[in-house]
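Two complexes, one shared chain (subunit A), two partners (subunit B, subunit C).
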Partner chain A sequence: MTAPAVTNRPAALAADSSTAGIDASCRLPLFMLFGGAAFWLVLGSIFGFIASLKFHKADFLADAAWLTFGRVYPASTNLLVYGFAIPVALGVALWMLARLGRVQLARPWLVTVGAKLWHIGVCVGLIAILAGEATGFEWLEMPRYAAVILLLAYLLIAVWAFSTHHARKERTLYPSQWFVLAALFWFPWIYSTATLLLQFFPVRGVTQAAIAWWYSGNLLFVWLALAGLASSFYFLPKLVGRPLQSSYLALFVFWTLILFGTWVGIPAGATLPAWMPTLSNMAAMMMVVPAAAVVLMVVQTTRGAKTACGGGPLCYMKFGTGALALSVLLLAASGLPFVNRFTDFTWFGTAKLQLWVYGFFAMTLFGAVYYILPRVAGFELPAAKAVRVHFWCGVIGTLLFALPLAIGGVLQGVKLANPDIPFTDVTKATLMFFRLGTMGELLILAGNLLFLFNIGAVLVRYYLAVCRAACADLTAPLPTAEVKP
Partner chain B sequence: MSAEVKSPNPTTEAEPTASSATVPMWLIALMLLLLLGGAVYFDARGGWFDARVYRPFAALPEQFQPPPPDGPDLRPGRRIYDAACAACHMVNGVGNPAVNAPPIAGSDWVLADGPNRLIRIVLDGLTGPIEVSGKQYGGGVMTPFKGTFTDEEIAQVLTYIRRNPDWKHDASEVTAEQVAKIREQTKDRAINWTPAELLTIPAKD
Partner chain C sequence: MKSSATVFLAAFLALAASWGGFVLAPQIQLGRSVQTVPLGSASLYPLARPGLAQQGLQVYRANGCVYCHTQQIGQEGAQADIYLAEAGTNVAATLAAITKINPEMAKPEVLSNLPRKIVEVADMNAAEPVVRELKAGGGRVEPVIVANGPDIARGWGKRRTVAQDYLQDYPVQLGTRRVGPDLANVGMRWTDPNWHYRHLYAPASALQDSKMPPYRYLFERRRMGQVASPDALQLTGEWAPPAGYEIVPKAEARALVAYLLSLRADAPLFEAPLTPPAGNTAPTNAPAPVVNPPVAAASAQ
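Here is the complex of A and B:
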């Protein structure tokens, strides 16, 4: 992959590749992807909330087997990643590929079918997890029959993404396109490998743990990062009306992220041959390099720009970058032996992941969706104010969740390392931090509800207009019908 | 689709472009620096890709070094000594004049008949002028390890320094029970021992 030179974009565009035409071609697939994603997001955070209530009151819902901790917790994490993160990222990626290539989306209806199939796969997987059929591998709990549906659906969407890209009119690549294309390849590779080697032809012994960690590390630290950075590198310059600081720096981020990110994820205390956790911890420390480059890029691209963010997409993207930096610092710290002696397998890890998945990835993508949605729908968001409120819920919620748990996690680890303190005392001592965390979780849930509300309102309004138009068509005496929604 | 809707931004939106500023040198330097640190880290702990080496060991010989045919296993004690004591007494036990740490190898304190004084030294630390194997040392302070190590671990490290074949030591083994007993007897002690004080205590019960 070579760095593209500075380009003069052709000003004159063919009629069918006007932005309005491109946006319209993305409409139905994106509605399907975003709508489902918002629904799963809310459902997932409800499950997550139930899971954390069990720490406050252990007998809460303990009689219903399918609502016990061991099921609702994986249900919440899986909905967050497979229900929300992947479809929302795919939607944004499709739109960016079409816009940057100056072409309409290829075969929108097949993409819509793919999106539907994906959501069916998530639904099957969710039911399986709640029914107790989870695989037992973290972030990979959905059993193989759900995995097959998911993989097929993904391929169906990805094929038309590549086909759109192939038909592009603007041949020079923009950095976001590298990130999107790499992400499109990355997921089927890791998901099929992990599913085959863990579920269809299970490997033996510790290799299973190694593969499960390899998969979740790649999913979280490579896939989500590729998708999230594709969005921030696309939207930030656009929102502040300035070129991206440097395509070489983007290239640097791209390769360092892929090179180091793919090793991250094996905890220091893992019972694997020593070189694996050691290398993985080293990679975690190296993640500081791409993170520093991202921060540099974002700061230099947006510095001095006169655009006020006002709680809109720009705010989301900036906060996302901050959360990325903070989370990578925690990640790198937990790679150091004298830190991970105390942080391994404590709340510290939860805090780090929350900052990454929600603070960085989800917030960035929320910003992107709020930008794209009015354009593909063709009208302003019905509840534009909710965007601002959602932003603050997300920011305060993330920090209120992550910071107390990070501190509490370290204290927990220090106490766990002291054999004189009984285990139950250790657990009790973390409760105070955990209460704060639960408040954060509630705020996040509120933000997610606003997201669902906004997307739902767009969908309802759009489909009502379609229905009205259809009715008008049927009943109108004249063959022309015009609808102003 | 018959629902004709107007776009909020009817003008053709410009797509972002990227300029070609170079990657700053400090970023590359940071990466190289971290890589160097990472390499040192890996070298010390990674077992060089050998699938048979598991943590907490870092090399095959260490993990598979057979325990001495007779007598106790010295490996756990060696790890503790290298991690906690070698900073002052050096890995080869010769001591370090820079911190006034006397030698362990060949020390008559270490090779005493019983471990009673040694256990006290490690539990509560030591300070004051000391004569080791006929030579005078002084001015140094040895820190207490009461809160750091369990009885088991103190017994292991003392067994190691008393029996280390490299130093041709062959004194008796120290047990966790012996450490526990002395820890209990001295649990109220808050200050370091002095050699003079220790000499009043019999080395062996």
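Here is the complex of A and C:
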């Protein structure tokens, strides 16, 4: 193992606004955010895998309350979004803000504390879900004591993100910064509204359901999209060495995404005043507009570029765009009344979300992390090959999970709509597809393990070097060592 | 966009709009809902669930039944079925009226086998003139409103669910996925608590080929005393406990089953009309009093 090279530079350099100085200022907070995120990601996919095995054998792990389907399943979705997606997006966002603003990250140690606090909140929430304390609202299962920790942690990170942005030396805004700023602002609003009105001062009746759907729609279709697109628009031009095509389209995407996306999420068959699902369906169809513009941007930006993607970050981002397009097509289709008659309340929705959350968001962010990590660590990824393997696991896994489930979902819906088909036959017909999906989940789990492996290896190597330097410091006869990171 | 302030303003406007639409507006529209009096009834609806059932709602939440079960029913529309209950004194006039309304039914033998459905019309407004006409012969006529749609045909409910049905619950768990059947009215379909206990303990023992996971941890296996406990589960075959042991529901299972039995959204409401079943003047979401094999079971599976 060779010692990290870039860390061996004079301390004076770390205080300036060179790229190396900026990367160094992000190091510890990003290690904290990415490391925890990778761990939760793997743990979440293990829970998800357990949950789906129960469809193969209902008896599987059925004797422990904490391992029942209704607990491991929300544990897996919550770990994917709160454990992985949010911290990883925050990490990438902080780094982009610093790099684009040409300033060092403000108060890295406070951001690190915020990151730790966030992971503590996730841990508390996870234990609560497994212990049967989940709230009963989908995507918002973590009970209020975990929610308070999460919100505080988020604010702690967001404040220093804003502060970094405020102190920027490069005043002109790049499109990614719009997306990041809007995302930073979006989450505290939706999360505090949902937590207050559903947990601290609960509203009555189906308004609870309306608020829960409003929240999850905004979290998944706006927040994740803002964070994911910020990364695409930053990294794609960088990776192909061409300017973003174009800022005007990016502005169009920004506006249409926040205007339409924020209304998405209420199922067509929801027991709510009829105007609400109708509005939500219309918004779902309108999401085609920003999605088409994103595809256009990505095609125009990368077209003709000589860069081969070779299983690296560029591949991840391109696949992410494809998954976004496919997912939005499914979303828009389920906005049409003659389609959602057959897709409502089926596996179709699960397929759509998997494409969105994993296919688009997670894959894009993996690409970003693989790009950033060597730079902030100061050395190459220990297992560069694993990046490529992870890519293929992610691609095949996502498709193998989402496509059968989308088809199976339609079949389920068609059969449900025919009351002459007994319910057990409906279940039997869809389980086949679901079982195919389990193989996809297994591949995704494998890919996630590779992600964890790479990040873990970076952290271990970095901290070993730090320890070694500290030891050398202690034992050195003269104060010549400047190897402190 | 040139400045961060513009970005924030844009985000603020977009989010404030949906906040007003999906958070504030339903609260204004529904937030002040109170119990109402169902059509043809004197008592209020919905009543709070009995205490045990309220605890059961929390067991339902804690164990995540909502990830496989919805509790919301849709309907495609409603129709009015017009029944002739008594032919009346002037049979000829009644027959003449039937001939006009539905010639196929205008046979004397129809009148000897009452009550019979004479015709289906779109709704109560369309039913009114038909009823008047049929009554010409002095007969007794009953229009009955029935809901349509696959959910109803499966026996998952008698009408669509409406906001009113959930007024008393926290958390409201409408659900988004039907891995299992809808449970909004399960208390009407499966009225026997012992069936529910068996189904929760070993779903496949209650329904062949069930894919629902078992909830054995809600039950206790204990050594049998001199006589079997009255609440021990009646299990046979592969599910039976070893000799000398019995399976009894824990407190959570009792609460959960009380909750399941309380699930019924069948009160005829103004926004979801339905003809109240004869003799049932107090629609309620309290447990159904009868303990017998459910009629709708066949269609519910």
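Criterion: the second predicted complex is superposed on the first by the 466 of 485 C-alpha atoms of A that agree within 3 Å, B and C clash if a C-alpha of one lies under 4 Å from a C-alpha of the other, contacts with A are read in each partner's own complex, and residues count from 1 in each chain.
Criterion: a residue touches a chain if its C-beta (ideal position, glycine included) is under 8 Å from a C-beta of that chain, and two chains touch if they have at least 3 such contacts.
What you see is a predicted model; the values in this text were computed from it and never measured.
Trainee: Would you mind checking whether subunit B and subunit C clash or fit side by side on subunit A after the superposition?
Mentor: clash
Trainee: Kindly classify A:A209 by the partners it touches after superposition: subunit B alone (first), subunit C alone (second), both, or neither?
Mentor: Second partner only.
Trainee: Which partner does A:Y248 contact after superposing on A: first (subunit B), second (subunit C), both, neither?
Mentor: first
Trainee: Could you tell me if A:A470 is touching subunit B, subunit C, both of them or neither one (first, second, both, neither)?
Mentor: First partner only.
Trainee: Looking at A:L100, would you say it contacts subunit B, subunit C, both, or neither? Reply first, second, both or neither.
Mentor: After superposition on chain A, A:L100 lies in contact with subunit B alone.
Trainee: Using the touch definition from the top, say if A:R71 reaches subunit B (first), subunit C (second), both or neither.
Mentor: In the superposition, A:R71 touches subunit C alone.
Trainee: Is A:S52 contacted by the first partner subunit B, the second partner subunit C, both or neither?
Mentor: A:S52 sits against neither subunit B nor subunit C.
Trainee: Tell me the contact category for A:E138 with respect to subunit B and subunit C: first, second, both or neither.
Mentor: Touch status of A:E138: second partner only.
Trainee: Is A:L279 touching the first partner subunit B, the second partner subunit C, both, or neither of them?
Mentor: both
Trainee: Touching A:A62, do we find subunit B (first), subunit C (second), both, or neither?
Mentor: second
Trainee: Enumerate the residues of subunit A that count as touching subunit B in its complex and touching subunit C in the other.
Mentor: Residues 269, 271-273, 279, 419 of subunit A touch both subunit B and subunit C.
Trainee: Show me the residue ranges of subunit A that touch subunit B in the complex, using the header's touch definition.
Mentor: So the residues of subunit A touching subunit B come out as 3-7, 9, 13, 18-20, 23-24, 27, 99-100, 102, 170, 174-176, 234, 237-238, 243-250, 252, 256, 268-269, 271-275, 277-279, 281-282, 285-286, 288-289, 292-293, 296, 300, 337, 374-375, 377-380, 419, 462, 465-466, 469-470, 473, 481-483, 485.
Trainee: Over in the complex, which subunit B residues touch subunit A? Could you list them?
Mentor: Touching subunit A from subunit B are residues 1-10, 12-24, 27, 30-31, 34-35, 37-38, 41-42, 45-55, 57-58, 150.
Trainee: Write out the stretch or stretches of subunit C touching subunit A in their complex.
Mentor: 1-4, 7-8, 10-12, 14-15, 17-19, 21-23, 26-27, 29-31, 33, 61-68, 70, 72-74, 150, 153-154, 160-167, 169-181, 203-204, 207-217, 299-301
Trainee: Under the stated contact criterion, what part of subunit A meets subunit C in this complex?
Mentor: 54-55, 58-59, 62-65, 68-71, 73-74, 132-138, 165, 172-173, 177-178, 181-182, 185-186, 189-190, 193, 197-198, 202-211, 213-214, 218, 251, 254-255, 258-259, 262-263, 266-267, 269-273, 276, 279, 345-347, 349-350, 412, 416-419, 422-424, 427-428, 431
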